[in-house]
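Chain lettering (A, B, C and D) follows the sequence in which the chains are written, and residue indices restart at 1 in each chain.
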């Protein structure tokens, strides 16, 4: 089973040179720490920045410089600042290559539910609806199950849906999955030490296992 | 009969403190020279400038600074530069108070035709369609008649229409006219020395003359 | 140039009345009109409609207006940081309309730009699309969204000049420029107010035409919502 | 940061092929992509669709492409300054689509921003509205306009960095930023190309994400269409 950091590390391996990427709140934010230095990629913050840098040193926080999670950040060289309409023009207009989001549920046909809900009340929709409706390749980063043990990989989403047929790949603590065009979670990789039976038992939606499923390449577990 | 400069001078008297104004090509451009110094007004150029200043001295022209007529200009203190989408957002969004345009024809219900036409070919529509459809008060500056002597104040426009029921006031070499809600050119002022009969004979559309029509206040004829 | 100066936040906001519809700039607590909000909480306003990306926190930003029960309706994309909101909402005292963040931004931009409606893909298949016209363009589905305009826009910039031209700083820009254009009366507060002509026309983010009143705020707390630092 | 540099205009435009749809920045002769146009006229391209506010003059700007008969269709708001256009148009060799300037700007902006269609008041009652959907919002009539996108956008800025970030100068900005976002491949030429990090992020007009290729042009004639001076 992967830690949140390891899920982020695994997703980072998907990133290619020259890509513009939007990272959602939670595990996706951690991906930034694991993008190899030799890759030229740019991280977008949908409040209005291209070129998110590392978190600042404690003596260098700037209240006028926050990411979409309202966390203090820095800017890398070559950044640009803009307003929120321009930020979403980039997203809606297909200029962002990859969006990495957390989710509460994903369905076997690629629907996603990721609205913030607390005691039955939807507390926010944020920028996710625009991201999932864009042409960006959508990666989902999440735990395979809820805290009560129930699966997040479902036949149909039970929570309000954020977007339909939009998820490209799912990265959980148990493995990596793609969504098949005809529906179904296709298992691509197992997390180190995780057995197929565990994935089967924890996946409520249709799971497709074809041939030998490789174990994830081991990586720094730090 | 007024000269072009005098028509511009007369229009300038309509301008009030605090207004944002778009001046079209031709006579409207001349209005800028006659706005009283004590008024705080801002001239917009729809290619992307608020705060047009006087034409530059001959040793001070800048190819990167032109107005909507592609003429070299200067900027006043407090100007701002922006792109053409923003310029028309200002127009369409109702932020410009007055638009002053030239016209080929105006109809008695306030329609305007002012597209550039040469030998039967429409050579351009420019920004006029956006201006006439905006909430800006529309002033038309033009000669009362075409060169062949035919009237430009018509019952119906014969040329392709730029905008319907949008003209607020018309300033010609013969006088000042408003458009009545029920249709008709209401004569407000005569140009110095111009008789009612001349205006009657040169106005093809419905002319409304009620009571004494004052002669325009004399102004600098320079 | 037209002089847009007013003395302070109280004067700038004095004609905001019960039932007014307000646009409030900022993202989280970043770039919010602190001074205008402070001026409002000293008055006894009722039934405000507040349109802002967030609802502040309980003791800062729009949260202060919520606490004083001045707000009847909130239009936002995310209100998860505000506990007071939940209390009033559950008690049925507060109306809430959640709008996807990009759609919220574009609807406000449309309001300022005179575009009464536009099509967007955001929300297709979700509850957001309920009751909205859906149409296919080039093989994809889009839904129709309307413009948003308001009686007043309360915005915050870094520098401004007396003609109302504004420059923002960092990500404190966010919704402020869009809202500036969508307010019938736009009230801008700045950290530094300079004479017209001192700002480079090429660096201005919000042209003065969108701003009806401008003043320099006295103190800016600029509270940080989530201080996150690296080792 | 992603390095968008290419050697020169020839390399930048080498894959523009017959039948391509091009957006060309500039207003009149102000802010036009001089170097990219020069590179194109040395090739034997056919059937281009050129979208630009104007058509240049006979011996400069888009007029050069017209003279070489590379253009099949022109989409513009005003072509009155170009005689060659009239000749070819009258001979039936050239198609022309005239679009109101603000609608042209907004359609291109929509193309870049992923808005497939929007309503605008411009053109109601005129020939521009023919065949278009008309709808009433809040008591006024508006017509539906579609986005404009292109295979390539050729734009010109003042300063740029290797990451594709651009700053324009004066009114040479005009259509360039909108077109940058609406080109599938956007080719930016600049008077001065600097390393990423040298431009203030707060002064950038076009974020580098919209630019796929950037180069520094060699010489800029910057011809003035109408020199007008005061006494």
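Just so it is clear, a contact is a pair of C-beta atoms (placed from the backbone, for glycine too) under 8 Å apart; a residue touches a chain by one contact, two chains touch by 3 or more.
Here the structure is a predicted model, which means the values were calculated and not measured.
Here the chain-to-chain distance from subunit A to subunit B, counted in touching steps, is 2. Taking each chain's centre as the mean of its CA atoms, A is the chain most distant from subunit B.
Between A-D and A-C, more C-beta contact pairs join the chains of A-C.
Between subunit A and subunit D the centroid-to-centroid distance comes to 36 Å (mean Cα coordinates, whole Å).
If each chain is reduced to the centroid of its CA atoms, subunit C and subunit D end up 33 Å from each other.
Averaged C-alpha coordinates put the centre of subunit B at 29 Å from the centre of subunit D. Of all residues in subunit A, those that touch two or more other chains are 49, 81-82, 85, 88-89, 91-92, 134.
Counting partner chains per residue, subunit D shows two or more touched chains at residues 106, 113-115, 120-121, 168-170, 202.
The full set of touching chain pairs reads A-C, A-D, B-C, B-D, C-D.
Every residue of subunit A that touches subunit D in the complex is listed here, in rising order: 17-18, 20, 40-42, 44, 49-51, 75-82, 85-86, 88-96, 134. The touching residues of subunit D, when paired with subunit C in their complex, are 106, 110, 113-121, 135, 137-138, 140, 142, 146, 167-170, 202-203. Remark: subunit D residues 27-31, 53, 76-81, 86, 89-90, 98-103, 105-106, 108-109, 120-128, 158, 168-178, 205, 222-230 touch subunit B in the complex. Per the touch definition, subunit A reaches subunit C in the complex via residues 45-49, 54-58, 61-67, 69-73, 81-85, 87-89, 91-92, 111, 116, 118-119, 121-130, 133-134, 160-165. For subunit C in complex with subunit B, the touching residues are 1-3, 111-115, 161-163, 165, 181, 196-197, 201-202, 204, 207-210.
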